[in-house]
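Two complexes follow with subunit A in common, the first pairing it with subunit B and the second with subunit C.
Let's look at the complex of A and B:
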């Protein structure tokens, strides 16, 4: 069965906030709310490091890392278990979603979520521009909303908006149940953590730290599984994108056709268009 | 006269009574208006935000669920053991319980973002959710209280020709049957009360994401808390009713219940609290004195209000032999116990939201103007102050509870007047006043 998950390579992440902003746009997220936040691990403020500059020839201790945080789509999701009216549920493909027509707005799920991933529409949501953005209908006042892994895109065979819009290819979306998928491989090959692992929620979002991965393999907005064949190194070539791929203008946005070990990448005649 | 086995506490409302009713009505109207306002503007009218998403309504829900315990337990525990102890408190106790559980249930309404969808509890419940269990048990408990109050008084109501008897007649056989029914109701009421407080505790105790909530002690503490505050409130109300209405409190029973309150306080504030704190203090500190001080010294104002003002002080008052027999002392100690218990619920909610598990900057989007730690839409820690709207709505609902008690004193024969001989020998006394 399909079980979608996300890998975020914190070594690749440059803290550009593109994922947070594209999430807000794509999902029509109201003013004052964020489903996806890029947190700074370091100083007290966003984009500030901890530690100090090297002084008097000594070595500095500056340290900073980014931690993009949205709904972790937990396997053992407390928000699903507490929802009294089944408004929050886990889809067959593993995505944790809310039925906004059912939600009574009790906010028990917000108490249950250890990640503060959920937001509540305290007043009539305000969109900018007024008619809203993206492809998702606005949610009414009085309900809870959160990241859906862009289920409306996933249903169309597209990766979530944050994934395709990450300029650092730090976000990789795919099927955790498919051992050949990039997410599964990275989780096997790299040092990955889940947030607040000790709570036993078993998130489907995994963070790579330590060694940098080659990042998201394909450059189209399609999901890996929708490509004619998977990425160039899916069949054994270890952990670097093929040189050919690297020399190819990385953001041309075409699907990669099946590429045997050392073949030239096939560039389709017409680019399939970028993100949206 | 002698034939009358019951007494109404308020035969008719005097000027003071009418003023009191007027005051309650005014508070209720204000609460209703505040709720109307909150319905139109949304919960943004409250002090709650994404970082601190439960507030006064839930804190007071916790308090009133606890308060609803005392009366029912005091009136049903002796019945269950076929004892006549505390008979004088039985009816008043159930009345107070009924009022409190009604207040608790109503407090959920303004907390809900879309109350018009509450029917979903029936059409689409998820039985994994402690809230569904609690919803069920609160309703069951409310119905049980209503039934019990009626059962306790229906023959007397019939004897008075009240329509509230709903056609039941006052016969000796009927009274006899009612006593069996009372036994079975008591047998059902006790476990239901235990379940009510445990389930309400489990709403919090099952949550791994909110600091100290995740503790197996929460449910037992909620039971102890219910015993303390519920009995405390019953004593407060009975003394007030004694002073202000024709209800007469039995001094001996009052003193005895005061003693029991002292025992409950000791169990709750001294024993259970110590049991909860000691392992943490021990595990987190190394030196003997560090362990001791972290064990003894609490972290917040709420903690002190609860343990000292609502715990240690009334406990001492009820322990000193020369003091504990005085009605004024029992009254004050009970009042303090209720007041202190309020802060236990407040503290519980605060410990869940004050600290965010992931407190990295910029933090959590608050979903509206937020006057907590920061003034922008981001917050890395929770802060909460209830707004006037929340206070008004809450007071309105509490006033409704007070109205229930007041009307109960007016329309339900709340006092049983001792009839020394057994019911069986006083046949033929069902003719009316």
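Let's look at the complex of A and C:
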């Protein structure tokens, strides 16, 4: 049985918001709404760091950490359990989805979601441009909507938009029930957390922190399981490089090593000569 | 309009106020939604079974929504 999940390496995340923007564009998310957000931990405001600049020759303490957050597609999803009309449901592949034709806008699911992952269309949704963006039809006023793991792409063997467009290779999507998948290997090999574990929701999004993983460089839009020649890092634990920044590879991009595949590279290979 | 920056990971002691705010103005029973949300988390962390949860709210949901299509319905549960 397939059970899709996401690993986000917070050591790789650079807080660029590419995931948030690509999600919005791919899924035709209305103005003023976000399904996918990069929360920040640090200073008093969303975009200010904690700590201070180096002064008087001392060392600075500036620090800001990123917490990418969207629907966690929980195994024990409270939102699914409270929906009186079964509009929110779990697909056979583990993706929690909303049937917008069934949703009556009671917002019980929003109250039950510990992750604040859902948004409600209070007004008639507005898109820019008016005809919308991406490959997903706009949802009507009066319904709740949220991240779908880009199920319309997954159904076609493609990775979610946020995964494909992460320039830091910090997001890895795959089958948690496949022991050979990169997501499964990373969950086994790295220290990972789930958000608000005490709630017992068992999210399918796992966060790596502490030690940076090699990520999973995108060789195409395709999901790992659809590729004939996947990243060698997913072939076995012994293949995971200990030097995750690839400092001896000669590439400034670190994780972008050569891919011998006929797939078109989605992220251009990074040439040597610095990263500026 | 939602505040794009509003969503966050809510500390448990602040959750109830936030959930109440989400349900404010809803056409349905706000108190029922809050109680169900609270108990749904109890189901997730194993304090309450799916069947107990289903039975606890079945009548109220029928009265409020005219239907109860939750997936928590235990086998052999009598809808009537």
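Keep this in mind: the second predicted complex is superposed on the first by the 228 of 276 C-alpha atoms of A that agree within 3 Å, B and C clash if a C-alpha of one lies under 4 Å from a C-alpha of the other, contacts with A are read in each partner's own complex, and residues count from 1 in each chain.
Following the convention adopted for this analysis, contacts are C-beta pairs under 8 Å (C-beta built on N, C-alpha and C of every residue); 3 or more make two chains touch, one makes a residue touch a chain.
A quick note: this is a predicted structure, and the numbers were derived from the prediction, not measured.
Visitor: Do subunit B and subunit C fit side by side on subunit A in the superposed arrangement, or is it a clash?
Guide: Subunit B/subunit C on subunit A - steric clash.
Visitor: Quick one: is A:108 in contact with subunit B, with subunit C, with both, or with neither? Answer first, second, both or neither.
Guide: Touch partners of A:108: subunit B and subunit C.
Visitor: With both complexes superposed on chain A, which partner does A:84 reach: first (subunit B), second (subunit C), both or neither?
Guide: Once the two structures are laid over each other on A, A:84 reaches both partners.
Visitor: Answer with first, second, both or neither: which of subunit B and subunit C does A:44 touch in the superposed model?
Guide: It touches subunit B, and subunit C stays clear.
Visitor: Is A:34 contacted by the first partner subunit B, the second partner subunit C, both or neither?
Guide: In the superposed model, A:34 contacts both subunit B and subunit C.
Visitor: Determine, under the contact definition given at the top, whether A:200 touches first (subunit B), second (subunit C), both, or neither.
Guide: A:200 contacts both subunit B and subunit C.
Visitor: Between subunit B (first) and subunit C (second), which does A:124 come into contact with in this model arrangement: first, second, both, or neither?
Guide: first
Visitor: So in the superposed three-chain picture, is A:74 touching just subunit B, just subunit C, both, or none of them (first/second/both/neither)?
Guide: A:74: touches subunit C, not subunit B.
Visitor: Can you list the residues of subunit A that meet both subunit B and subunit C?
Guide: 32-34, 37, 39, 46, 67, 69, 78, 81-86, 104-108, 110-112, 114-116, 119-120, 122-123, 195-196, 199-201
Visitor: In their complex, what parts of subunit C are in touch with subunit A?
Guide: 1-2, 4-10, 12, 15, 18-20, 22-23, 26-28, 32-34, 36-37, 40-41, 43-46, 50, 53, 61, 64-65, 67-72
Visitor: Can you check the complex and tell me which residues of subunit B touch subunit A?
Guide: 41-44, 46, 48-51, 53-54, 111-115, 117-118, 120-121, 124-126, 128-132, 135, 203, 206-210, 352, 356-358, 360-369, 377
Visitor: So in the complex, the part of subunit A that touches subunit B is made up of which residues?
Guide: The contact residues of subunit A facing subunit B are 30, 32-34, 37, 39-41, 43-46, 48, 67, 69, 78, 81-87, 102-108, 110-116, 118-124, 140-144, 195-196, 199-201.
Visitor: For the complex, which residues does subunit A have touching subunit C?
Guide: Those in contact with subunit C are residues 32-34, 37, 39, 46, 67, 69, 74, 76-86, 89-90, 104-108, 110-112, 114-117, 119-120, 122-123, 195-196, 198-202.
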